[in-house]
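Following are the structures in question.
The same chain A turns up in both complexes below, where it pairs with chain B and then with chain C.
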Partner chain A sequence: MADTVRSGARAAAAGRFELSRLLRVREAGVFIALVVICLFLTFATDAFLTSLNLLNIGRQVSLLGIMAVGMTFVLISGEVDLSVGSTYAFSGLVTGMLIIAGCGLLPALAVGLFAGAVIGVINGILSTYGRLPSLIATLGMLSIVRGAALILTNGQPVTVNARNGALPDVLETFSFMGQGYLFSVIPMQLVFFAIIAVLAWLVLSYSNFGFRVYAVGGSAKAARVSGISVNTVKIWAFVLMGLLAAFAGILSLAFLPSGQAGRTGLGLELDVIAATIVGGASLSGGEGTILGTILGVLIIGVMRNGLVLMGVSPFVQELMIGLVIIIAVGIDKWTTRRAT
Partner chain B sequence: MTAAPSLANIVEIAGLTKRFPGMLALDRISVGFRAGEVHAVIGENGAGKSTLMNILAGDLRPDGGKLLVDGREVKLASPLDSRAHGITVVYQELALCPTMSVAENIMMSDMAARSAVSLLPRDMMRREARDALTRLGMGGLDPDTKVGRLSVAEMQLVEIAGAIRQKARVLVLDEPNSALSKRESERLFEVVRQLRAEGVTIIYVSHHLREVLDIADRVTVMRDGRTIVTLDNEGLSEDQLIRAMVGRDLDAALQWSLQVEPRPEDEDAVLKVENLEAEGLEDVSFSVRAGEILGIGGLPDSGKDALGDALFGLCARRGKVTIDGKELRGADPLAAIRLGMSFVPADRRGSGGLLQMSVADNVVSASLARFSLAGFVRRGAVKREARAQVARLDARISHLGQKLGTLSGGNQQKIILGRSLVTNPRVLVLHEPTRGIDVGAKAEIYSILRGIAGEGMAIVMISSEIPELIMNAERVLVLRDGRLSGELTGQAINETAILARAMTS
Partner chain C sequence: MKIRHIILAAALSLLPALAHAEAKLADFSLADRIKAKIAAGQPLDIYVSYHDVSNEFAPFMKAGVQRAATSDKVNAQFIGPVGADADGQISEIETLMSKMDGLAISSVSTDALAPLIDKVIAAGIPVVTFNTDNPESKRLAFAGQDLVQSGREAGKLMAKVLGGKGKVMITTIDAAAQWSLDREKGAREALKAEPGIEVVSTLNTGTDPQKIYSAIENAMLANPSISGVLSLECCSTPAAGTWVERNKAADKVKVVGFDLLDQTVQLVQSGDVQATIDQAPEKQGFAAVDLIVQFLKGQTIENLDTGVGVYTKENIAEVAKK
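Up next is the complex of A and B:
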C-alpha cells in the first residue's frame, strides 16, 4: 500500500516534473484556459478587446462572482449550498419592498442582508447539528425560500421607482449601487465584487478563520481532534454565503430595477457552483481559492460574452458553457494525480 | 481495583471494564504506564488492545473502573479531552488533513487555540513546524509540502511532530510499522528512543514480537479482554510472549480437530495456486483438494487479507491459479465464477451482501442468469430456490421478502453463504466467515461448512480467529510478511504453533 503510494508519487514527480511544478500553483490551469479563450476572441472578433466590452464583462460577472466567493467558502468547508438563487431573489425583493414602502436605505439593506444571514444559519444548522447532507438541507431551503418570496410578493413583480413610493434620495443611492459608475468608468457592481473578493481572499488566505475552513473541509476528524469546532466553522461559511447571496440579489434589483419571485435568480445556484468548481474548488472539500474562483467566474463570463459577440445562438451558448465546465474540471483531474 | 496510584505511573488503569452488546471487551484490566518508558501492549486479535487504545484516545467510554493521569482520576470524553491530558493516539488511520501543508497540520492545534478572528502567523508556523520536525530528525521535510503527497511513514512522523508540539506526554502508537518499510521502521524507532530520552511515555501496540523486544522496556500481554501479565523486557524471548498470549485451554478445540480425518493424499487438487503474487503477497503456492477445508492464518498485515481478493481476481495479481486444471487468467471475478469459484468477503455489510434487498434477491444475486427468462426474473423459481437455501442453512428469517440488513449477523452470513452455494461452486473462498457473529451461529456455520465440504467442495477459510482454524481446517497455512511461513496438519494444528509461525522471524 505504502509502496504504491510512494512509487506513484515518485513516478509522477519524475515524469511530469516541469508540468507538475507549473500546476502546483493550482490556478495556473484555469488561468491558461482563460488566456487562450481571450486570445481567441481577440482575433475572432473586433469588439472583444475594447475597454468598454471588458468593463461590460466585469459588470456582467459581478453578481455571479460575489456569490461564487461565498460558495468558495462553503465548498472548501466540505458542504454545498443550493439555496443561493432563492436567497438572491428573496433578499432583493424584501429590500425592494421596503424601499417602495418608504423605508430608508440602510434599514432596507440591513433587513435584506439579515434575511440572507438567517437563511445561512438555518442551512448551517441543518447541515451540521441537524445531520442532513447539505445537498438535501439546502435543496429544501431552495424551495422554502422561493416559496416565502412568492408568498411575500404574492407573485407580483416588485419594481423600485419613485412612482411606486420610493423616497427620491433613497432611490438615487440605491440605483447608483446597481447602475452607477465609479469615476464614471468602473461599474459599481464590479467595484463591490472587487472589494468583496479582496476581503475574502485576505480572510481565506491570511486569517485563522480561513485556516479553519480549509482544515474542516480537508479532514473533519483532524480538525476536531485539534480542537476546532467543525460545526461552528461550517455554519459561519453558510452565513457568509447567505450574506453574499443576499447582497448580490439586492444589487440585482438595484440594477434592473425590478424582480419577480417566480423568475429572479432561478437556477442561479448551478451557475454559481459551476464557476466555483471551474475555479478549482473541490466538491469533496478542502480545496479551492478565491483567485481560482475569480478565474472560474471570468471564464464563464468571457465565454458568454464572446459567444454573443460572435453571434452564436443562445441555445448553442448554453451547450458551450456546459462543455467548458466539463473540460475545465476534467483537465484539472486528468493532469494532477493527487495522493490522498 | 483499589490499587494506590504509583507515583511513577503517568497513566494508571485500574479495573477498567468495557462491555459491547454480547461481549465483554475489557474485563477489569489494570496496568500502569510509567513516565518515560516504552511500554508494548501485545495480544491476539480480540484480546482487547484496540478497545483499550480507543478508551485512551477518548473515543470510547469505559463502563467501569478508573483511569488515572498523574494519580488523579480523569474522564476522557473526547479525543480533545485526552489530548488536553497529554495523551495522543497515533492510529493507522491518521488524523491528518491531506489537502493542507505539513506546517499547517503540525500547527493545527496551536491555531485552534487562537482566536478565529486573527491573522495566521505563517512564518511562525513554518518555523515552529520545522523545529518540531528537526527534533524528530526530519529537518529535511519541507513544511510547505501538502501532506497528501507524503509517504505513510512521513505522515506518521508529521502526526507525531504535531503531538510533540502539543507537549504530549503519552504517545500511543497503534501498529505503527505495519505500513512501513524496514528503513522507515528504523527511523521510527530512533524517534521513539529519542522521545523516551526526553521523558515521553510511548505505548506501543504491535503484532511484531521481534520489534517489541527490540524497542520496549516493558511488555503487557492481553488475552480475552484481560491484562495477563506485565513483563520487564530483560531476557524475554518471543516464545515466552507467545506462550503468555495463548495460555488458554485448548482441549476443547483439539477435540474438534481430532475428529476431522485427514483425507487421502492421492485425491486430485481442485484449486491449485502457483507462485501467486499481489499487493502484499509474494510467491504463495498451495493446493486444495475436493472435500478439504484449508485454513489460512496470519497477522493482519501478513497478506492473508489480500489472499481472498487475489484468488478471486478482485485485484491485480501474477502467478497461476487453476481450478480443475483450467487456468484463471487476469483479474476477472466473472471468469472466476464461471470456472466455479465463489467468494464470501470479510466485509459483510460493505461488499458482502445487498443489505437493502430481500433475502430471496440476495440468494439468487450471484446466479441471476439461471433465474431469468428473456431479461425478466422468474420470481417463482427465485422463491423456490431461496426457500430451499433458507431451509438448508437453517437461517432464521420472518419471510423471504425481509431485507437482508434487518437480519442478525449470523443469519446474514448464512444467506450470503447460500448465495455462494446457489452458484454450485467447486471452490469456496471464505474470508473471516464468522466475524462479529455470536457463538451459537458460529457453530452452525461451521457445521454447514463441514457439511458442504463433505459433499466434495474445496473450501479455503481465511481467518484471524485461530480457534476457528483449529476447529475446522484439516490443514492450516500460515502467512507472514506476504509469504507462506508454515503448513500445519492434523494434530500439529494448535494455537502456539500457528502464532509462532505468524509472529516470529
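Up next is the complex of A and C:
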C-alpha cells in the first residue's frame, strides 16, 4: 500500500516537473504585468513610490493574501470556496465577542480558528461525500455562516476595547496582532502574511500533501488509482482555507477594531478568487502556485491603491479592476497557447 | 407604452397636490378588507420594511416599532432584506401584500421601489415612508430626518470646525445610494456658501470595514492638503476618526460625521472626531408605525421631522455608555 502511494506521488512529481517549467513562465507574465503597473503609477503619482505607501499596500493586501493562499490550495484541488467572506466575518466576530466577554486571548483565538476549521470540514464533506458541487455547497454555507453571524451579534457592531470589557493585557496583545509593527516598521499583518505564504509554499511544493493536492486536482481518477484518498485531500484543503479565512477575519478585527456582521467581508470571496486566478491558478484544478497567488494579490492591491492615489472616480475604479482581471488572465492564456 | 405615458402624466398631475404632504383617510380609498377589520375592532397588521435589516440601526428601529405596536395596540412586523437589496425588498412586500393593513417603508432605491409603493396604495393599503423618503411615489407622509437638511447641517458643522477655511473630502460607503446623494447635496450646498472652503473629492469607500479604512488611508496620502473629512454616514465616520487618531493628526485634520456608534462616541470624546449628527433611529421606527395608526384612525397626517441631534465633545457624555 505504502509503495503504491509513493510511486503514485512519484508519478505525480514527474508530471509536475514538466508543468513547473510552464508555471514559471506564467508567473513571469504576472510579474511583468505587476512591474508595468507599478512603473506607470510611479510616474503618474508622486505618492505611489514612497516607503509609507508601499508599507500601506503591504498591510492592505495582507488579509486578502492570507485568504488567497488558502484559496490556492482549494482551487488546485479542483474545488472552489465561496463561503470565505462569511467565515472571515464569523470567526472575527466570535473571537471579538469572547474577548470583550473577558475571555483570555488564546481561548478566544482558538475558538475563532476552530469555528473556521469546522466550516471548512462542513464545506469539504458536502463537496466530497455529500456529492454536491463545491460551488453549490459553499454558496449555501456563505449564506448560513453570514446568517449565523447576524444571529449571534443581533446585527450589532462588535468593538473590541477596554470599555466594552476586554482585559487590558489581552487587548494589548490582540491590538498588536492587527495594528502593531515589527521593528516599528513592518506592519504585523504583513509579517503574518509572509510567514503563512512561506509555510504554504513549502507545504505545496515539498510535502506529500502538496503533491497530493496537485494530483487530485489534475486528475481525480489517476490520483485515486494511485492510492490517494481524493476526498481526504480535498477536505483538508477546505479546512486549511477555513482556518486561514478565520485568521484573516481575526486580524481584521484586531486592526479596526470593530466589525459588523452585515458588512464585514461582504463580497470578499470574489476578491480572493480574482486575486488567486490572476496569479495563475485554474478554476478547473491542478494549476497554481503560491508565488503566482502573491503576485495576483499584489496586482489587485496595487491597482486599488493606485487608482485612489490618482484620484480616479470610484465608479471608474470598479471598471478598471474588472478590466485588469480579464487582461491579466487573458495574457496568461494567450501567451501559454502560443508557447505550446 | 401609451398607457404608461398616460399613467405617468396622471401621476405627474397629482404631484403638486401631494407636495404639501398632508393626508387623511377621507381622501383615500381604503381596501374593504381593512375597513371590515377596523369595524370589527380586530388588531391591525402593520408591516415596517427597512432597507437593510442587518445594519447597525435595524435593532433600534425595531425597538421603536415594537414600542409603537404596544402603545397603539397593533401587530407590527419589522421586515426587509439582509443587505441593501432592492429586489429582495420588493418581492417580500409583494408576498405579504394581501396580509398588510398598512406599510411603512424605507426604500433601498427610490426608483426601484416607487412603482411598488404606488401598487400597494392602489390596492387600498396606506403607505408611509420612514428613514429614507421616496418622494417619487404616492406615499402619504414621511417620518424621519430630512436627508438634504441633515447633509446641510453636517456641512455647516464642518465649516465651523474648520473656521471657514480648508480643503474638504467627503466620504461615503455608497456614493450612488439615494440617502448618500441627498446628504452629499446638502453638504456641498452648505460648504459652497463658504468661500474659504474647497470640496476636493467624494470618496466611495465600499461597505466592508477593512476597505473603508484602506480607502481613507490611501486618499489621505494622495491629498496631504486635506484638512477636513466629512463622512455622510455611520461607518466611514469612525474609520476617518481612527485614521486621525493613529496618525496623531487631530490638529491638522477635522472630522465631522454621522451617528453614534460606540467607536464614534469614543472618538468624539478623544477629540479625533469633532462632531457627529444623530438620527434617532428608535424614534423613526416608532413614528413609522404611529403615522399609519393615526391615519387609519381618521386623523390627518403630515411629514414628521424626527430631528437632528448634534453631538460634540461638550455634550457627548449624554450618550456615552457608563
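Quick note on the criterion: the second predicted complex is superposed on the first by the 313 of 340 C-alpha atoms of A that agree within 3 Å, B and C clash if a C-alpha of one lies under 4 Å from a C-alpha of the other, contacts with A are read in each partner's own complex, and residues count from 1 in each chain.
The definition used in the following text is that a contact is a pair of C-beta atoms (placed from the backbone, for glycine too) under 8 Å apart; a residue touches a chain by one contact, two chains touch by 3 or more.
Not measured: the values here are computed from a predicted model.
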With the two structures laid over each other on chain A, which partner does A:131 touch: chain B (first), chain C (second), both, or neither? neither
A:223 contacts which: chain B (first), chain C (second), both, neither? first
Scan A:207 for contacts with chain B and chain C and give back first, second, both or neither. first
Should A:286 be classified as contacting the first partner (chain B), the second (chain C), both, or neither? first
I'd like to know which partner A:154 touches here: chain B for first, chain C for second, both or neither. second
Pick one for A:215: touches chain B only (first), chain C only (second), both, or neither. first
Would you please give the residues of chain A that touch chain B in one complex and also touch chain C in the other complex? none
Hey, which residues of chain A end up touching chain B in the complex? 1-6, 9, 205-212, 214-215, 217-219, 221-228, 233, 286-287, 338-340
Please give the residue numbers of chain C that touch chain A in the complex, ascending. 52-56, 58-59, 82-83, 175-176, 201-204, 207-210, 213-215, 217-219, 221-223, 235, 238-239, 242, 246, 261-263, 266, 321
How about chain A: which of its residues touch chain C in the complex? 45, 47, 50, 52-53, 56, 60, 63, 146-147, 150, 154-157, 159, 161, 163-164, 179, 252, 255-256, 258-268, 304-305, 308-311, 314-315
Which residues, counting only chain B, touch chain A once they are in their complex? 79-80, 83, 95-100, 104-105, 108-109, 111-120, 122, 148-153, 179-181, 279-280
